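One chain, subunit A, appears in both complexes that follow, with subunit B as partner in the first and subunit C in the second.
Right after this comes the complex of A and B.
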């Protein structure tokens, strides 16, 4: 089960994910969300309602963040739940994406 | 001048004392005056006995003075001493005949005084002696006798211990300590680190009693004492108790304990000894074939030239040959330590036979049998013996357009030659009987060319460059992969991590993330390995090629999803270790090239090169030594470990260059003009011919040529 909500104002967009960020939700992220958010210079990804992740989901997040930053966008990931953060730590996502992405 | 001689003697009776005195003075009874100072006899209440003391004075002149003897009845012992001292002053030792030793049985003590001239001021000197174990002090007012305390024993003067030299007077009470002096035994038990031996270090204890030795009175008495020492043995029960307290339960030797307790000398006794474990033997193996390529020569002929005929033969086995037999390991026997604990012998390892290509191991694991004919290879590492038989290809006739190029995973033997434009590649050794034209030859280990090389491109032992690089990389890959496996294991136990996608699509997505983050270094090694393998693709054999492919599709090219699951990853890791193991350990086959003659050829060799007849306009690079019994005429010749040739260059100056590394040397019998020799960075060109050149660098880096 995966849903998302997009809050946007002039120069910032906030995507609030709800559900599991996994292989099944990748399509949604890639096809629906990415085209919308890439219009904005500042992007926030809110993980507050993400309870489970898998390697495909994480792989896609990494790819997405990389691509957006290459396009000159600023990307931040916020409100990561402790249990998901444990996975992030084990995979060293902070090292891959850079500390500044997390807030 | 008048002299008077007198003597005081003591004996059991007055009569005996007088006789003794007469003897000492060597005079008869008529010429002396006798004074009884102490009549002797039974003591008070009949206890003990007192000695009689008499004073005998020689009458100077019979017609002269009369006796001046005092009234004997008035003489008290105290006065007697006074008299003695007074009269002793006139007693001349010189005039005294040699005194007979006092008869001990009669307890006679002669008191002699120093000679003093009659007209000198009379000096009163006290004396002290020991009689029947009791101090006798004869002391007058002027000078007191001196006493030096005995060594070891304690002497009390009026209850105070005496140290060094003191004077004593008649009133002083002198006593020797009667209680024995005790030095207690000092001992300890030491147990070695292995708890196999308890040693008792002992310094035995003694009790010493001192008694005075009698001696005649003298002005300065060094108190003579006799010491009697008795051993104080250590209690055996105490030793046994101490051993028990230390936990020693096994191997106790009561006889040694007893010997130690009663020893009179310091020493070390092994009072308990455990039994060490009896070590077993590891498994071993014996090989039934020659393991090394035999070098039968080259031999020096008597005339100084070298015989390069048939110098090498390869070991071969035929199908069904038993290559190796193992002998089983023999386990050891456990021992027992002092605390009665078992000591296990070191574990023993059996030999494990591993069958490589062309080899089968019997079911009991005891024998390895060749299942095809060819050249045996052995890798022996710790307790693992890996055997394989490389096949051998025998090609009859020339390699030409008709036969096609040869590429063979094993040894190759060509009975003919190799024609222009052809290519021969051997993953083992290569032997060519005939001439080689402008062909390309690659041999993994060795080349023996019995014909000439004209315009050939030769590489020997080049595969090993890749292998050298691969070795450390494999080890790194294996250890990092193990860490990767445990990281995945840990991740799969995390609550928020879903595993469904891994089950569907394989580990690829996860590996991708891990190789970017936590396992960046593994990623770098994998990429480097893959690149190297790609570059050397042509020279990799099947197992290496398969491994390189697995590495690429498993980790790097994830289009197919990478490794499917944890067990595939583990299989890959174990394969990595196997390959690593097959590399390390002693290289079982030497790398070398033996050629007869090369012209306009290009030759690389990872080992040493021997050229029988010579080279013309050839470029030769080898990492070992270059030896030639012929002439190197034109071309460049480099050998890492040194060059030894008969002749170099040509009259009329065809440029020839010999080069070695800075630590090696060049030895040439005859050098023609124009030849260049280079050692390290120093080089020299010969303007005119020379012989017996020995080029090397001197201690400060200068080039020495002879």
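Right after this comes the complex of A and C.
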């Protein structure tokens, strides 16, 4: 199960993900979420309600952040749960995306 | 398009046959009893035919002497070659409907109904049968292809290495028919071996394609450059150049060990892979943690590597994340549990050791690979 909520204000948008981030989430992320958030200069991805990210999900996160930043957007990832953080650390997302993405 | 009409009334048989012939259905057969129908289907005496007789539809009367249509329908639907063969009941009595549908009938035609109704129902039943046939044969073809692909994939895996100073065994547990996990080892020269385990992100066919293409590079690469830092850089370069143009994020995690039996030294890289576990006699497990990021994500990477030495005998356990990952639970806890269990059974012969660990990998949703290197 994967769902999301988008909170927008003037120059910032917060996407709150809910559920598992895996291969099935990619369509939602690319077709529904990206077009909306890429209108904003500052984007926060809130992982507070994400309990599992698999290897495809990791690829998805990296691609999403890369694409948004290539488009000149600032992206932050926040509220990562401990069990998901372990997977991030194993796959070294910090090293890949840079410390500045995490808060 | 072949239709079997079953009715004990000759008049009914002649009527239905005529209506269907006039509508263009040419291959029409008739049976005047349920028993005769079963015989046409190769089912008399309770036999199960190896191949289905070529019917696309049965029109079946319900009230017949001896065996009735409902019983015949039940028998036909229970017979594996005919589970998808549509059966339409011919009836004049609605009281039979509940039982008739319960027996597996897909539709009914009331005797005396107008011709167009008969033809419409026959047409839609036959269309459904054709579609089911096409889908089934595609599915069967796909399953065969996958099984073949699985065998092909297994043929590239190396057989166990059993030599005086070193033994390597592995277990390969596929969740789908094919997987993106792959292990590889080779003797580089008299004193050195290279051992690699990779896990392509994602599952199934696409991951398997990627892992097979990476596999084809390894022999040349490992024998030419062998040093882990350089193998890591080269492998990353190759994966980026092969798949960098894809819109999907394609990457893999890998762990590679270069074992020097003379110097009793192991150099390794671990690119985003779960830590290898090194068990030496009477010591706590040593974790072969990450030395760098997964391969194929960034064009430029550092290519760092680690090194350690060993004395006496020991085992090095490599595995893919499927063995330790349970969705929504801590993967570090999973690794800890694996360490505990593996530590307890570490004195088993190497092949038994991997077999015992493979039991942990059964029934997981992910692919699992386990490689164990026994150093003496």
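Structure notes:
The rule is short, and it goes like this: the second predicted complex is superposed on the first by the 103 of 103 C-alpha atoms of A that agree within 3 Å, B and C clash if a C-alpha of one lies under 4 Å from a C-alpha of the other, contacts with A are read in each partner's own complex, and residues count from 1 in each chain.
Everything that follows uses one rule, which is that a contact is a pair of C-beta atoms (placed from the backbone, for glycine too) under 8 Å apart; a residue touches a chain by one contact, two chains touch by 3 or more.
Quantities reported herein were computed from a predicted structural model and do not represent experimental measurements.
After alignment on the shared subunit A, the placement of subunit B and subunit C results in a clash. Residue contacts after overlaying the shared chain place A:92 against subunit B and subunit C alike. When the two structures are aligned on the shared chain, A:58 is found in touch with subunit B and with subunit C. Of the two partner chains placed by superposition, A:36 touches none, neither subunit B nor subunit C.
Look at A:28: by the touch rule set out above, it reaches neither subunit B nor subunit C. Subunit C runs into subunit B after superposition on chain A, and of the options 312-320, 420-428 or 564-572 the stretch responsible is 564-572.
Counting contacts by the rule stated earlier, residues 20, 23, 51-52, 54-56, 58-59, 62, 83, 86-87, 90-92, 95-96 of subunit A appear in both its interface with subunit B and its interface with subunit C. Every residue of subunit A that touches subunit C in the complex is listed here, in rising order: 20, 23, 51-52, 54-56, 58-60, 62-63, 82-83, 86-87, 90-92, 95-96. Within the complex, the subunit B residues that touch subunit A are 487, 490-491, 494-502, 504-505, 509-510, 512-514, 516-518. Taken in their complex, subunit A has these residues touching subunit B: 20, 22-23, 51-59, 62, 81, 83-84, 86-87, 90-93, 95-96. Within the complex, the subunit C residues that touch subunit A are 199, 201-203, 248-251, 253, 272-274, 290, 292-294, 297-298, 321, 325, 327-332.
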